[in-house]
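Each chain carries a letter (A, B, C, D and E) given by its place in the written order, and its residues are counted from 1.
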């Protein structure tokens, strides 16, 4: 995720980082060249058929609506992903506070909170398709970490460990029934967040939208020079380039935000959020806390 | 549900799977032919009356708004369906964790979790109008499965079995009052999800919208050639075809997403979600877990 | 509520059931005649002043926005109404399951669940302004039914009966404190749903919107012929008729959906939902369940 | 709040009650006169510079978007206000039912429910900036009422009385710990509603929106005659009047709905809602209930 | 946050406070001068190429959609920030009421509620990046305040103090298990609000939107004079100035609302909200309450 401040007006058109221009430059160029060719043919070779701009504008309104819809849906997914991870942070802290409220012995808290950190890393590991055994090991020991890392579904296993520990504490009279109930609720909340991540990661926006929107965008950009050639003169290629930038650019943004958990410039900073959790848990256990992650080149990972 | 990656620009116009073109090809052709006829008549036979494009564009804006509204509403239903099933997955896992937290004996957990799997399959059976007795039998035995499968409302019956089991465990002092309370809440949550599915499945979007939108789309496409004939020249049929593709295409998408639980290319993958539940429950019971379902030809069932 | 499938393209323009055309036919005719008169006067008698179509289209965009807003707000109310009734269905079932979880004796469950059915009917009776004594009598006896039916606020009284019964069961040691707490929550949820129905039924959309939107629609349709007469030729009356159909049609739909609990083609099927509740409660009490209601002429009441 | 039915088409343009016309008549007249002056000057004195209508329509789209945004935001506030008060009604009834479920002695219930009515009136008193001592006195006695009325924050004080009473009942063994927990949750819900009212009442929409929207509207209406004068002929003043009616009218509506708790035609009927609460509490206490408030001249206060 | 009433029509264009004009005056001037230069060159020196207004209007619609999206997203963030702080106010009061319900001794309440005030200030301190040790000291003593102020994450530490106090009260039998459970829930709610603030503060809107929207706005304003020069005559500079005001103005507003916790004219009044909390807590502890903060020059800090 990019966390730098907005560039000033002067730098605005030079900024490439965070910009979608590099991704869509090919398309912009293709349509600009097409526009130049259409203009040249029409002026110097043979009068091409023209499209009415008003007609195209009806089409443009429809296209704007589709792009707008897809953009809203993708942004909602991105923000929901962030809210879910905010929930993981929040409910891990609630778990730590419930330990403080219901469990007298500090050692008893350690297993529960270590597994909670492992849970967060395991969710991240699943989403980023990466091995998190190393990150987990310092919290729950190498053996346990290897066991969690070995199986698909390490996040669920981590919550199961917490659940088992809660029962054991209750059976040995170190946790009351009230505490058991409170832990049951917090662990359920963590499980809900994990399933929410799974939902976003495995359910893309309906495929058909992409086809509809992308095909329409291409058709629009192909027809555009024929509509502009009559009235816009030498501005035709500039205009086509700008429109291609706007429409393909929005599409590229949408494609990224649609998958909030993919690694990339606009992906959510899951590593940094896991670190936030580690810091909170370390403080709750009176351990030295690791430093928060800082952005590298303006990007928080 | 289609889970493949987006096609590259070159393949974009050749992809037929997941496209709505096959469904609406007839309509596109009819209106394209109409456009050709209107254009031919107007040029070579008799000057037909023309419609002002600006006038039609007012109409087009209204149509875009209607289609946009219906599309939003349909997508919201589809996504709500997915969220509800995410809730079923999540709360079945919570049930498993509550077993871990509150119930000491492994055998006691088995009945509850087996019925939870039966619940998920029964909800799917109701929505897909299919017999799930076979899927249930391995979890709750043939007799019980036949009994659940035989009655309409097997999902409710499955939850009733869980509820009865919870009471029995409490009466024999193997489950505390706190555990009873926690199970009561989780079972209520599962019931809420089932009623949510029922709501989406039995309450379509108001019928009158379909009439209004579809009639308006037809009228618009009939009037369009009379508006374009003056200014758009030989592009008229292409233009009409594209507009028909956009408007009828969006309508076809909307019709599918409106019913998220129907089987089809854009239907939700209920079988795969039931399998996810089976895997989680198997892991909670220390049984060998079945493999997750994979998409066939890019479609997850 | 209309539950039939969408008509094919051929039947689309003949369907009258579920269509708003009968309601707004008068208005469509008036404006069509006006358009013919304006056209005739302008051509054959005296040149009337013309309005610029572009000017009118600005106005048309504003009108579309208003209609779109009102339509969204009305649909949200309709869908919220459906969600609330889904909540009534769901929480009655939760009540039945809580009976199964917390109450050992079947007879003790009967009073609670009978009153829950009475609650649903009483809410429906209030919303439809109809007498439900007959429907209630078979569940809670004639005397009690007459007493509930006699007073305004029968729904609240039904919940009060449940609450009293819960206390009595606890006092006679047939229900634990945990059970009391669970029932308290479920009864509160039912109460929230009832208050939600009351809110929708007693709070219409702000009156001023209707005035603003309706006045604007009339003005727009009056000015339209003066704008079209120059450029649209013999299509003027057809065009005006279509625009009147679209704008007045959307308005009529909105008026119906704004009041989701009114009886009518687009009203919610409260009788069918009460029947769903009766079936669930009958199954929970091991009684023979009545059949679900089926649509009559495609309408579910 | 206006609760009358919609006027028929004939009466539509005569209705003044509930209309915003009286408020904005001055502005409509000013701009109509301006339009007449511009038209007269342009025709008979000197050719004024003209503005392109297409250019103005770009501007008009932006303006529609701003107005649409502000309208949505204001309506959401209004409806949130209504939902919050629905919550107050609902949770007061829940409080009454919790009394029925957990408290055996009728006298013990009286103090709690009387304070709940006082709470609702006190919230209303704060929002309407009015003295509610008289309304409260019949429920909690003159002394207590004077004490609550005297301090800012009477609503909080009323909830504090309930909380204190709950503790006292528990300490004298007339309320179980479960009951205490249930009351704690219901009182917290009432508190949340009160804070929600406070939030809406003290946080207006960002001031800058008003400036931006209002300035833009004025500029638009000033430029409009220069754009219309060329193409719209004698309709110019009518057109400007209609546009001013639509844009300033929507603005006036928005200003009212933005403050849902202000007294006025579109303000929420807080008195009537308090009465609804009084009726429910009276029924719960087996007292004679006061009659519901009826609208006066179609307005419910 | 600006809390003054809306200015009358006469003052509307003179108001500078709360207006974005000062921020964007430079840009407005640049584009106005550009428009004058383009107009002068075109008329008196050399015919410049013209852009079709219709073509630009397609572009304008897309731009309106982007700006509209960004504005909605930013306003939603601002309002969510306000709702979260409403939650902090509300749950601190709930904490005070839970003290009243579950804790008999007044002294025992003091530590909990003092730390709750410290929590609110610490959240504010984090968001405003300011030292709140002084504000906290009067509630929890200088030593404790210095300790909380010294560490990053003072808010979490304050909640941890509450949690520890709750356990201590329970261990010394001054708080029941029910009370423990109720406090656990309220403290969790406070923690959720704090994490919500963190989420808004650390996760800006995706950077790429800013680039896309800002670049598009600049391009639009550069092309605008070439489109207007043909048809709008001497109004060109006025028109360009107004459009620049509208588009850059909305952008400036959006930039401010996107960061609801930054100090500034449209930032949320965190100091005033903390004071509200102090007043409620003081009343709950029977201490003299400080006066609420009043706006200075119409701005509430």
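In this section, contacts are C-beta pairs under 8 Å (C-beta built on N, C-alpha and C of every residue); 3 or more make two chains touch, one makes a residue touch a chain.
Just so you know, these numbers come straight off a predicted model, no measurement behind them.
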Starting at chain B, fewest touch steps before arriving at chain D: 2
Rounded Å distance between chain C and chain D, as computed from the means of their C-alpha atoms: 23
Whole-Å gap between the CA centroids of chain A and chain C: 38
Multi-partner residues of chain D (each touching 2 or more other chains): 54, 57, 61, 177-178, 181
Touch-based graph of the chains, sorted into line, ring, star, complete or other: ring
Residue numbers on chain D that touch chain C, as the complex places them: 1-4, 6, 9, 12-13, 15, 18-20, 53-54, 56-57, 60-61, 64, 67-68, 71-72, 75, 78, 82-83, 86-87, 89-90, 93-94, 96-98, 100-102, 104, 176-179, 181-182, 186, 227-228, 231-235, 239, 242-243, 245-247, 249-250, 253, 256-257, 265-266, 276, 279-280, 283-284
Touching residues on chain A, where the partner in the complex is chain B: 27, 49-52, 54-55, 57-59, 61-63, 65-66, 69, 73, 153, 156-157, 159-160, 163-164, 166-167, 170-171, 177-178, 180-181, 183-185, 187-188, 191-192, 195-196, 198-199, 202-204, 206-212, 214-216, 218-219, 223, 226, 255
